[in-house]
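Labels A, B, C and D are assigned to the chains in the order they are written; within every chain, residues are numbered from 1.
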Amino acid sequence: MFNSSGYIFRETFNSMRRNPWLSLASVITVMVSLVILGYSIFFLANAANMAKSFESELEIGAFVQMSYTPEEVQDLKSQIEQMPGVESVSLVTKEQALEDFGKTIGGTQSSIVSDVGGTNPFPDKLTVKATDPQNVKDLARSLETNPGLYKIRYGQEFVDQLLKFTQWLRWIGFGVVAAFGAAAVVLISINVKINVFSRRREIQIMKLVGASNGFIRWPFLIEGLALGLVGGTLAAIIVGVGYNWITVYVQSTLTFLPVVQNEVLFRQVSVGLLLAGMAMGAIGSVFSLQKFLRA
Amino acid sequence: MFNSSGYIFRETFNSMRRNPWLSLASVITVMVSLVILGYSIFFLANAANMAKSFESELEIGAFVQMSYTPEEVQDLKSQIEQMPGVESVSLVTKEQALEDFGKTIGGTQSSIVSDVGGTNPFPDKLTVKATDPQNVKDLARSLETNPGLYKIRYGQEFVDQLLKFTQWLRWIGFGVVAAFGAAAVVLISINVKINVFSRRREIQIMKLVGASNGFIRWPFLIEGLALGLVGGTLAAIIVGVGYNWITVYVQSTLTFLPVVQNEVLFRQVSVGLLLAGMAMGAIGSVFSLQKFLRA
Amino acid sequence: MIQLTNVSKIYSNGARALVDVNLKIGKGNFVFLVGPSGAGKSTLIKLLYREEIPTRGQVQINSRNLVRMKEREVPYLRRSIGVIFQDFKLLPNKTVFENVAFALEVIGVPKREVRNRTMATIDLVGLKAKEKAYPHELSGGEQQRVCVARAIINNPALLVADEPTGNLDPETAWDIMDLLYEINKRGTTVVMATHARAIVNKMQKRVIAIENGRVARDEEQGGYGYDV
Amino acid sequence: MIQLTNVSKIYSNGARALVDVNLKIGKGNFVFLVGPSGAGKSTLIKLLYREEIPTRGQVQINSRNLVRMKEREVPYLRRSIGVIFQDFKLLPNKTVFENVAFALEVIGVPKREVRNRTMATIDLVGLKAKEKAYPHELSGGEQQRVCVARAIINNPALLVADEPTGNLDPETAWDIMDLLYEINKRGTTVVMATHARAIVNKMQKRVIAIENGRVARDEEQGGYGYDV
């Protein structure tokens, strides 16, 4: 093989020069497929991230018995903070609640308290965050057994639906990646097959003159690698620049949408697209060639 | 031309029979492209629909001066209902507000009123819906000039962001359709060109034997039409069945997500995909042929 | 019928295939083109059915100027010329029958007539048994005869033959020559490039010898003329 | 060197190309295969470099059985055989030089040697001026000579030539025959299918005539033998 390495690279280059048009087709197919794949991955990452950020906002609200003194409330709070599966507990005292209410209906704190006859009708309220949104339900159940608390709320139906929704988002994400991954492979293998098909006479002649399968395969393999690399590079650039542009735009206008902007993910996707392009090109070439080499 | 119509159809059929593999490639390319296009259209329709349903939930809340009697409140309500741009007005009386509050903190209505010293601290509240979400801001401004109302709220920042978001969704939808439409056209024209390219010797021979361009073009055109039609039909089936499956699933599990299920849209998309497939096949054939016919 | 005036052909890679050729071939003539390999015989023939256009000079057939001819008139020119190509140029995906019938389908002959005439012509070149075979299933000589059949089926006014017997044994070659002779007697002008010394010497027709792209000799009733 | 035992070849479309052929060709022999168009000459030749496998019977070259040969041994067989194909089989996207050099590159000859030997062989067949041309830029005879050059460059132990002079004028044809004769004298076995009566008659070598797939005649120092 070493004696012919010069031949192989010359051959690869010549083939691309003489069929610039078929080469372009391969590059574009690889590129389109990988761009779709790349964006699908970012979509998946964002779907997962969004699901997580929705889930992380799940929390349990509970009122403290009116009879508790502020010290007892503090005790209760730190007691709950010790419970397994609890991430954090925050307290809204009855005074804060009254003040908030006053703001809502447009009076001052004192005017309402006087309206109300000097008594504050609001209870203290604890807001409990779970470490894992999946545990919210169990945590709520065990809080219900606490004698100091009543009216435990965590929006049961909403939680259930939200969990379903985030699961659904993940499935869609996987589905999109899988579907376009498959489409990419189909399109590329078709493309390579057409390439090989249009050169089957050439391949047949080479075999008749005594070329071994390996000898014929190498230039195709290198060509596939090179074209795949070019396609992958273009895809990585398009996906990278495009996604960057989208994040900048979204972050400046839609501040409430959480956007993934992860350097590591970015680099992984770029390198991944390059490698995927080369693999597609090379594997596509070799497999498509197989049928013709056997004949 | 009429004498040779038999020839044309025989030729078309033979070409497909003898290059089943290239035909398959064309059909798959048309299909993949149109499936993407089809789903993009449904995505766009859903994005628009979702944006609309978000927007339609925008409403203005306003408290009525404490001094107003129930009759005056009713007058005020019907007066606002007459205003241009108002879709509906709903009233939450101070009694209902008190009751709701009681339910929230866990007492009965009477116990709270007694707690509160016999006076109800809540004001009456009007909720105004605009006919067009774009007008919410203006409507809120004109309500502010009404002496009977105070604390007019419509979540200004939220409305602005929501409008931006829905606009953004529409743009993404258009972008996706445009990008994949372009990808589809590129892929198909590449495919047809390869087809013609691989038969350029055949075309050249036909010309040398005296075939006119029209004579050579017809079978390619019919073949393109037929393959495009098959690809379009498959795409319509995949998109139709797939989307139906998705809607059924979403509607049964994610009841809060509004899903478009529009018979007319459905039929339009299906027919559109068929026509697009045929057009792609035919136009692709003819244009790709042009270069080779001239030589 | 055919007139070449100061024709030169230089291919894009610089090869000078024809240099200042002047030639007149009358209607109904039978002309042999001879000359060494690479002399320019095929190039001259390609000018006649306008596969190539001369770099300089004029080519006229029946007073029609092939150089100035519009692109859309070319198919009509070619339908009046039967061509036996040196490399056969058969359509690879068509059977023998379809390849021969193609020349009739191109001009819109009704289906029934196509069938009859095609079968008759295939029979003439001795390929009745191979009617359904594809070109790659034929021997070299069989392919050549398919090409002959396609060229003559139309009763063309002009028949140009580029080495039509190169892959045939002498006996079959003479069958084909008899065919061409017959066609010529019925009024068709025949221009034939060949290396077959025996055929040229025996037929005693006009011989034009080409060497290095120039007309080196032009004799009525000549012989092949190169001694070995 | 070559031995065919009860060889029959029936193509998948039912064509009986060879029927019960028995043949022995010794090392260093020069053998002409003659016979009418479609007799089975090319089929017999294709068996020798294993483009086709016989339907029945055995083919042996240097005691190696070509029917039972493993797929991956075939390239090595073919490298020891030079083939002049009836339809040339040149690589369309390679220049004359590259086409001829290909036969050396396949066996891993160093680059420098490839250049020298290729240029020398191209010169031998008289195509020095066309070194950089592509096949479609060559005349029929020039293409044929490229094919000859590619077949002989390797100094193969066996040279099979299918109609190697069909597109050549008699003079060039004799140049090629001299070449083959020279190669044969240096020890290469030559099997040549041809329709060139003059060549066969003059060379006075062994002649095997094939008709309808059967060996009809096998003479040492024979002539072409079909009278017209």
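In the analysis below, contacts are C-beta pairs under 8 Å (C-beta built on N, C-alpha and C of every residue); 3 or more make two chains touch, one makes a residue touch a chain.
Listed by chain with UniProt protein names: A, B = Cell division protein FtsX; C, D = Cell division ATP-binding protein FtsE.
No experiment lies behind these values; they were computed from the predicted model shown.
Distance from the centre of subunit C peaks at A, each centre being the average of the chain's Cα atoms.
Averaged C-alpha coordinates give centres for subunit B (Cell division protein FtsX) and subunit D that are 68 Å from one another.
One inter-chain figure worth recording: subunit C and subunit D are separated by 28 Å, centre to centre, where each centre is the mean of the chain's CA atoms.
Averaged Cα coordinates give subunit B (Cell division protein FtsX) a centre that lies 64 Å from the centre of subunit C.
Chain contacts in this assembly form a single closed ring in which each chain touches exactly two others. Pairwise chain contacts in this structure: A-B, A-D, B-C, C-D. Residues 11, 13, 15, 34-39, 41-42, 86-87, 132-133, 137-142, 145, 162-163, 166-174, 195, 197-198, 224, 226, 228 of subunit C touch subunit D in their complex. On the subunit C side of its complex with subunit B (Cell division protein FtsX), the touching residues are 49, 51, 71-72, 74-76, 78-79, 83, 85, 89-94, 102-103, 105-111, 150. Across the interface of their complex, subunit A (Cell division protein FtsX) is touched by residues 21-22, 25, 28-29, 32, 36, 63, 104-107, 112, 115-119, 121-123, 150-151, 161, 164-165, 168, 183, 186-187, 190, 193-194, 197-198, 250, 253-257 of subunit B (Cell division protein FtsX). Of all the residues in subunit A (Cell division protein FtsX), the ones that touch subunit D in their complex are 1, 3-4, 6-7, 14-15, 18-19, 201-202, 205-213, 215, 294.
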